[in-house]
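Taking it in order: structure first as C-alpha cells, then the write-up.
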Amino acid sequence: MDAATLCLAMIGFASLLSVFATIMAVLDRDLLRAALFSALQSTLYAFLFYVLMAPDIVLVYVAVAVGIYPLLIVLLIKKVGRFEEVGR
Amino acid sequence: MDLESWVTTFLSYAIPLYLLAFAIYVARMFREPRRVPDLVLVVDALSYDLAAFLVILSILLRTPITIPCAIALVLWIYALDIYVAKYLESKELG
Amino acid sequence: MVGDPKTLVALIVLFSLYANLGASMYGVIARKNLVKKLICLTMLGDTVNVFAILVGYRLSRGGTPVPPVFTEWSKASEKLLANFVSRSVDPLPQALVLTAIVINLAVTIFLATLILYTHRHFGTVEMDRVSEMKKGELVDEVEVS
Amino acid sequence: MATMLSWILVVLGQVLVAIGIACDLIAAILMHRLRSFYLRIHALTVGSIGGAVVPLIGAALIAAGSDFLGTYRWYVAGGAVVTAAITFIMAGAGTHAIARAVLRTRAVEEEPSSGA
C-alpha cells in the first residue's frame, strides 16, 4: 500500500460516512440530536479537509463548525423548544 | 530494511485499523438507545481518536506543518461537551 | 474504466457529496421547523465548501500531495521549488473557502437572531403556524382600516 | 550511535501506537456491547486515554527518532506531546461534566443502580 492510495481511500471513507450523518441530522425530530449529528458531520468534514491537504481550512472550520454552530443551536433551542412538532 | 521504509510500512498498516474503529464508532450512533448523552460519548471518543489519527497521518504523509489541527480539534470538542452538559443541567451557558 | 481505483474513489466522493447536497436541500425546503432549516442550511454551505476545495486537489506523480506551504527555501534550491510546485495543491480555492466559512458564520448568526425574534413575536417556530397567524393579522389590519 | 538511538525510539513509539490501536478497537466494540450509559463511560475512558494519549506519545517518539522528516520533526514531537497533555486533562473534565449533568437530571436510567 503506497501513501497515495491510502489518501484516496481516506477521502472516500470520510465522504461516505458523512452521508449517514447528514441523513440522520435531516430526519431526526429531536433538534439537540440533530445538532450533535451535524457536529459529527462537521468532524468528518474536518478530516476530509485535512486529507485534501488544507490545514488552514481545518483550523478555521473546526472552530466554526464544531465550536460555534452547536453553541448557537443549543442557545437557540433553549429558547424556542427542543422538539419538532409531529404530523403537521 | 532502513528506518524510513520500516516506519512507513508500520504506519500504513495502522491506518486501516483506525478507519475500522471509526466505522464502528459511527455505526454506534445509529443504534438504539440513541439518547443525547450516548451520542455525546460517541462523538467524544471519535474526535479524540481522530486527533491522534491526524498526528500519525502527518508523520506518514511527511507534512509536519499540519500538527495544530489536532490541538484545535481537541479543544473545541471539549467546548461541545460543556455546552451539552450545561444544557442538560438547564443552567445558563457562560 | 470504473475498475480503476482513482475513478472509483472519485465517483464515490462525488456521489456522496451530491447525496449530502440533496439531503440538506430537502431539509431546507421541506422541513417545517425553522431551527431544522438553519441546521440544514449550515450543512449545505459546508458541502459546497468541500466541493470548492475538491477542485484544487490533485494527485501528483511523485508521491502524495503536500499543503501549499513552502518551508525549506534556500538560495540554491530551484530543484526543491520545482519539486514543491509539482506536488502542492492549489491555494486559491482554500483562500476563497476561508472567506466563505466566515461569511457563513455571520449569516447563520443573523438568521438565528431572526428566528429568536420570530419566536418572541408569534410564540412558535413552526412555519405553518406562523403563516396562519400572519394571515390572521392581515385580516385584522384590513378590518381595522 | 545516533541510528541506534533512532531505532530504539521508533520501536518504543511503535509499541505504544500498537497499544493505542488495540485500545481503540476495544473501545469501539465496548460502545456496542456495554448495556448502560454509566458503563459506557468506561469505554470512553479506554478510547480517550488508551486510544488517544498513548498513541500520541508514541507518535512523538516516532517523530523524534525519524531523521527523514528533517528539522521539523521536533515540531511534530512537541505538537504531539502538547495534544497528549491537553487530551489527558480535557477528556476527563468533559466526561465528568456530562456524567454530572446526567446524574443530576436523571436523564437515563441508573443501571447498575447505586443502591441509594
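Structure notes:
Letters are used for the chains, namely A, B, C and D, taken in the order the chains are written, and counting of residues starts over at 1 for each.
Quick note on the criterion: a residue touches a chain if its C-beta (ideal position, glycine included) is under 8 Å from a C-beta of that chain, and two chains touch if they have at least 3 such contacts.
These figures come from a predicted structure and were not determined experimentally.
A count of C-beta contacts for the chain pairs B-C and A-C puts A-C on top. Between subunit B and subunit C the centroid-to-centroid distance comes to 22 Å (mean Cα coordinates, whole Å). Averaged C-alpha coordinates put the centre of subunit C at 31 Å from the centre of subunit D.
One simple way to say how far apart two chains are is to compare their mean CA positions; for subunit A and subunit D this gives 22 Å. Inter-chain centre distance (subunit A to subunit C, centres taken as mean C-alpha positions): 11 Å. Each of the following residues of subunit A touches two or more other chains: 3, 7, 9, 53, 55, 75. Multi-chain contact residues of subunit C (touching two or more other chains): 64, 66-67, 69, 71.
Chain contacts: subunit B has residues 36, 40, 61-63, 65-66, 68, 77, 84, 90 touching two or more partner chains.
In terms of which chains touch, the assembly is arranged in some other way, matching none of the line, ring, star or all-to-all patterns. The set of touching chain pairs reads A-B, A-C, B-C, B-D, using the touch definition from the header.
Taken in their complex, subunit C has these residues touching subunit B: 64, 66-67, 69, 71. Partner subunit B is touched in their complex by these residues of subunit A: 1-3, 6-7, 9-10, 13, 17, 20-21, 24, 30, 32-33, 36-37, 39-40, 43, 46-47, 50-51, 53, 55, 58-59, 62-63, 66-67, 70-71, 74-75, 78.
Note for the complex: subunit B touches subunit A at residues 8, 12-13, 15, 19, 22-23, 26, 29-30, 34, 36, 39-40, 43, 46-47, 50, 54, 57, 60-61, 63, 65-66, 68-69, 72-73, 76-77, 79-80, 83-84, 87, 90, 93.
Within the complex formed with subunit A, the subunit C residues making contact are 5-6, 9, 12-13, 16-17, 19-20, 23-24, 26-27, 31-33, 35-36, 38-40, 42-43, 46, 49-50, 53-54, 57, 59, 63-69, 88-89, 94, 97-98, 101-102, 104-105, 108-109, 112, 115-116, 119, 125-126, 128-129. Against subunit C, in their complex, subunit A makes its touches with residues 3-5, 7-9, 11-12, 15-16, 18-19, 22-23, 25-26, 31, 34-35, 38, 41-42, 45, 48-49, 52-57, 60-61, 64-65, 68-69, 72-73, 75-77, 79-81, 84-85, 88.
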